[in-house]
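Note that chain A is present in both complexes that follow, paired respectively with chain B and with chain C.
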Partner chain A sequence: MARMAGRRLLLAVPVLAVVTFGVFAIAAASPFDPAKAYAGSAGLGAGQDVFDQLRENLGADRPFVARWWDWVTSAVTGDLGDSSTLRQPVADVIGERIGWSVLLCAVAFALAVTVGTALGVLAARRRGGLLDRIVTSLSYTLEAAPPFWLGLLAIWFFALKLGALPAGGLTDTGSDVATAGQVASHVVLPAVVLAVSQLPWFVLYVRQGVGDALEEDPVRGARARGLRERTVLLGHALRSGLLPVLTLVGSRVPELITGALLVETVFSWPGIAAATVQAATSVDFPLLAALTVLATAAVLVGNLLSDLLYGLADPRVGFDG
Partner chain B sequence: MTARSIRGVAATAMAAVLTAGAAACSTPGGGDGGSDGAKGGKDSLVVGLANEPETLSPLLGYGKDGNSKIFDGLLRRDAAMKLQPALAAELPKITDDGRTYTYKLRTGVKFSDGKPFSAKDVVFTYRTILDEKTNNAAKGELDAIDRVTADGDDTVVFTLKYPYAPFAERTVLPIAPEHAAKGQDVNSGSFNTRPIGTGPYVLTGWSKGEKLSFKANPGYWGGEPKIKKLTMAIIKDDDIRATRLRTGDLDGAILPPNLVKGFKGDKSKRTVTARTTDFRGVTLPTANKVTGDVAVRRALDLAVDREAMVDKLLEGAGKAGYGPVPTDSEWFAKGTERRHDLDKAKKLLDDAGWTPGDEGIREKDGQPAKFTLWFPAGDKLRQEHALAFASDAKKAGIKAEVQSGTWEVIEPRMKNDAVLAGGGNPADPDFDLYNLLHSSLALDGFNNMAAYDNPDVDKALEDGRRSGDKGARKAAYDKVQRDLAADPGYVFLTHVDHLYVMNDGWQGLTTQVEPHDHGLGAGPWWNVEDWQPKK
Partner chain C sequence: MAETGSTPEGATKPPPDAATGSVPEVPTVWRSPGAGTRARGGAARRGTRALRTRTSAVLVAVVVLTVLAVPALVPLDEQAVDLGSKLLPPSWSHPFGTDEVGRDLLLRCVYGLRISLLVGVVAGLAATVVGTVVGALAGALGGWADRVVMRLVDVFSSVPHLLLGVFIVAMFRPGLWPVVASVALTHWLSTARIVRAEVLSLRSRPYIDAAISGGSSRLRITVRHLLPGVLPQAGLAAVLMIPHAIWHESALSFLGLGLPTHEASLGNMVQAARGSLLAGDWWPTLFPGLFIIIPTLAIAGLAGAWRERLNPRRRSELML
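Let's look at the complex of A and B:
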């Protein structure tokens, strides 16, 4: 098992190198001009010499391969460089924001897994029943709904119409300190929207897995022994039905990150997402590269984790990935 | 390793991660301010803005037009836009035919960290901005400076490359402390997010994309402000800003005219209208065969119905614009207003040989009277102006094809295609007129986007910026505006008022004449440090 983890970590190095190289290449090919993006509104009154100077200072004219190599060599020594758009070292940008993104994603993911499993089991119990049909069709509908649309809908309904929950931000506008109560009330809407956008996958997988397991011999055996339906459902069917969900946990990480990107933007949540969008549109190479590495690493770790868990849960599968 | 022990390790690790996450929970750039909200009382103010500064360092351009809250300039502008001394003890002495500006500094001023302010801070600020390694996009505004030197602790001397009459207007630029900002990377150092200044407020927190928080500076040389706590919330969406104002989350906000109407019946709120020099206009590129023709230019200038645009697009919150200088400015050349006159426009085109052709579009020597008009994607106000302009032009037989794009798309096409431009700086007519009209700046970045080239105008612009005599300057700028009316290289359309809705709890609220770029320093709270609660 340790060998598998080690091998995966080794493999991550070339993967990260290729991904960052690709990001640099795509950013270099994009039509956005780093100097104009940097200048912002002040640039709309600036002359050509100012732009030329900015471009030179930002190193925007150098080929992207050289910029990528510089970035890699200094990143290895721990220097992630400076973000040109945020006028801050990249390490500071990430340090300030990542905690909030992790909080949002963790709450949303936990919510999606628990609620998704519960609904999936309920739906699987009577396949074709009323509850199953409602849950399944709702899942397909939600799967088609983009998270930002769900976010705007939630703001419109809960913040504007009902006035029950704050529309955005981390705390009330007049308050500077992030008390637990403030954050708790502000995290509800974004986390629920993010969870809802991830929910359908878990519901459908669990429903399928548990439904199939209910048809299998062990379950039939358990029923024949006269065990209670509850024990049969949770002890036997759910246990084997959850196996595919473990794989899902790993493969949902990229979707979760993309979803968080949109949700954070809609709710002005001070996480990594706003910085990512800004970094991309202003060709802020150092910030973009660091954030890409983070996202890639999250995906790789997610996959590793789900493989490990699968191996632990199902002894038939070995640790030889 | 058994499965059970691994589960235990995983659970412990998970718990550790969650605890660490919770422990790291302070707001980004978190601060130490109190926590009373918008309704917290008369000594706090929460306002909603649409735009956020990229940096809070004056060295990179923050607060260059004054009212930066955290900092002071050598000079500042009062409600009537007249220059007054701030960190300078008096207005500058101008010698050497307008090429030497000498500022005597106020003594006893301290930065908010307790260290004294002196001439070396002024020299440091200006030299750093002009340094070519400093990424300040607005440094072109200080082009006139040849050198800046300290003469003792309390005198600063600017020597200019050429006599430049409006130079003093540039010295509202905020002064950064050398001891705090030196020795770190000016482009990315911590001073950008944790600034220290001499100003009426001290930054207590900046959560990017969300808000900036300030508290009153008890040691402010102008006296501690009555408003002790100031929060500027950044809310890009107009509707959400209006909603948060209505729910009491905000005390005041900038809003577009259609949303301001919703507050008309609310007795507890008042609407404050700021006059501006914020213009919208269409560039008429000189290189284009259609828009380069003086007859077409004059016809377009007469064919546009500016009053209708003010009524329909701005809902009355604005004025017809005939040039960068608004009609209510002391610098406006009286008599250069052009009335909407479609018949005269048609006659001008007929006389110049532009005869009606297919589908009502005129032609001359096989050249159809049509051109492309760009507006920056997502700017609704410019889009509406562009469409209104195109529809008015169509009535005169000229087709403007309206297209949208990002500035990256538009900029390379500006030589031949028209752009719906915006801008305006109220401090001095030189700032807009020279950059928009002088031929030496044709298509230089975003200066003179129409490549306007008129030797008489060039000459008058140079006279206007060099002469230290106000009467001579007024005459020069009158000539510029009259020549521009005779050969309009741009069709100026409107000047847009900026509207603010405020809780009615303070007396004597005013606004300055506002520029196109209106950030933290604009709005009724431009002088929040002087506000008094209503009795």
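Let's look at the complex of A and C:
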């Protein structure tokens, strides 16, 4: 197991290298000019020679492969460059914000797994029944609904109409310190929306897994032994039906990041995904590049976790990957 | 890392190889509902399914006709600002109400759907062409070319789609073509996998052996014999791609990284409605969202029926 983890971590190195290379290649092919981005509004009215000088100082006149190599070598030492919009080192930006993103995603994910499993089991109990049809149709509709739209409607209903929950941010306006109570009340709405956007997948998978397991021999055997329906459903069908779902949980990281990009923006959540969007709208290349790589790393970790879970949950699978 | 199928067995059902960073193309959800269930409600289920297919077909037809006919038939200008009638709630004269500068929301939604569909179709087709070419090349060439290409697909799929899209659009400035390009560049992966698998399974057929013994060149076999065989699957992938592309475009537009803000794209409309939503007016937000959901479900329902016909063994109970 440790060997597999080690091998996969080694394999992640070339993947990350290729992704960073791609990021630099795209930037080189685009009309993006690092010198103009660096100068910002101070560069308005500056002559061509000023920009040429700036480009030389920034090293932006060199081929992108050389710049990529510089970036990689300094990234290894922890220096990810400076964000041009936030005027602070990229590493600091990430350090300040990543905790909030992890909090939001963890709450949302836990919620999606629990609710998704419950709804999936309920639907699987009688496939084709009324409850099943309601749950599945709802899942499709939610899957088709854009998360940002759900988020806005949630703000309208829960924050404006009911006044029950805050509409966004991390703390109430006017208070600078993030107390646990404030964060708890502010995380509810974004986490629920993020969970709802991830929910359909869990519901449909659990429904399928448990529904199939209900038709397999172990369940038939348990029924023949006269066990209670509840025991059969939760003790036998859920256990074997949940296995394939659990193992795919790790591969949901890309979707979670996609959802977080939209949800954090809607709720002005001070996380890393909202920073990505800000970096993109203001073409903050150093920040954007670092965050793209970070997201890729998160995806790779998710994949590794999911493979490890697969091996732990199902002893028939070896760790020879 | 598991060898991502250089065998035809990997063909019809991509392995749930989490190492590739992707959910398998065909989730277990879409597989056969199992013998017992089918015995219980076979006819009723078939009836529901036929009804769903028919409803989807009608909806798709309505959507296509609307976006084609309304701009031609209705002489009103969707950009026409009427500050005297801003933020009117839904009524008979404005079924969806009006937005913050008094534009009729129904008309704007239709125009938005038109742009979103256009972007969706163009981007979906572009993604399919890229995916088909890459997948067919990888499958037909085999060997190290195949391995390199498929590794690249794996690498590509470990970057979250929307994030890569955001990056591309940010670097190339928001606009119609960067959006199309970013959707196409992030969505060809699944098509490439499907087409490659299909090519691999076709390659072992006798008629290909016959063509090889007949002395046909590799290129000729690929173009004449392999590509026509994968076209149905590629076509299906293209249709399934349209809702994804619409979703992607609306998300980018909503983030302010999509189409120019004056353009009536559905994502732009939701973004523009944020101010009025916070003032309590729900309709400028609600309707554009519904205009994203309904065509998505209709297209997915229709594509689901097509998929059942193409892959009868992989009976799809579900849509999307």
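One rule holds in what follows: the second predicted complex is superposed on the first by the 282 of 321 C-alpha atoms of A that agree within 3 Å, B and C clash if a C-alpha of one lies under 4 Å from a C-alpha of the other, contacts with A are read in each partner's own complex, and residues count from 1 in each chain.
Note that a contact is a pair of C-beta atoms (placed from the backbone, for glycine too) under 8 Å apart; a residue touches a chain by one contact, two chains touch by 3 or more.
Treat the numbers as computed from the prediction; the structure is a model and nothing was measured.
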First, second, both or neither for A:268, with chain B first and chain C second: first
Contacts of A:51 with chain B and chain C, given as first, second, both or neither: first
First (chain B), second (chain C), both or neither touched by A:208: second
Touched partner set for A:310, first chain B, second chain C, both or neither: second
Which of chain B and chain C A:198 touches, first, second, both or neither: neither
Partner chain(s) touched by A:99 [first = chain B, second = chain C, both, neither]: first
Touched partner set for A:160, first chain B, second chain C, both or neither: both
First, second, both or neither for A:20, with chain B first and chain C second: neither
Contacts of A:240 with chain B and chain C, given as first, second, both or neither: neither
Touching both chain B and chain C, residues of chain A: 31-32, 155, 160, 167
Residues of chain A touching chain C in the complex: 8, 11, 15, 18-19, 23, 26-27, 30-32, 127-128, 136, 140-141, 143-146, 148-149, 152-153, 155-156, 160-161, 167, 201, 204-205, 207-209, 211-212, 215, 244, 247-248, 250-255, 257-258, 261-262, 265, 276-277, 279-281, 283, 285, 288, 291-292, 295-296, 299-300, 303, 306-307, 310, 321
Contact footprint of chain B on chain A as seen in their complex: 1-2, 31-33, 36, 38-51, 53-54, 57-58, 82-89, 92, 96-97, 99-100, 102-103, 106, 155, 159-160, 163, 167-180, 183, 268, 270, 274, 308, 312
Complex contact set, residues of chain B against chain A: 1, 3, 6-7, 17-18, 21-22, 24-40, 44, 46, 48, 51, 54-55, 57, 60-61, 64, 132-133, 135, 137-141, 185, 187-188, 192-193, 204-205, 207-211, 213, 229, 231, 233-235, 240, 243-244, 247, 249-250, 406-409, 411, 423, 435, 441, 444-447, 517
Parts of chain C lying in touch with chain A, wherever the complex brings them together: 1-2, 16, 18-23, 27-29, 31, 33-37, 40-41, 44-45, 152, 154-155, 157-164, 166-173, 243, 247, 250-251, 254-257, 267, 270, 273-274, 277-278, 280, 282, 285-286, 288-289, 292-293, 296-297, 300, 318-320
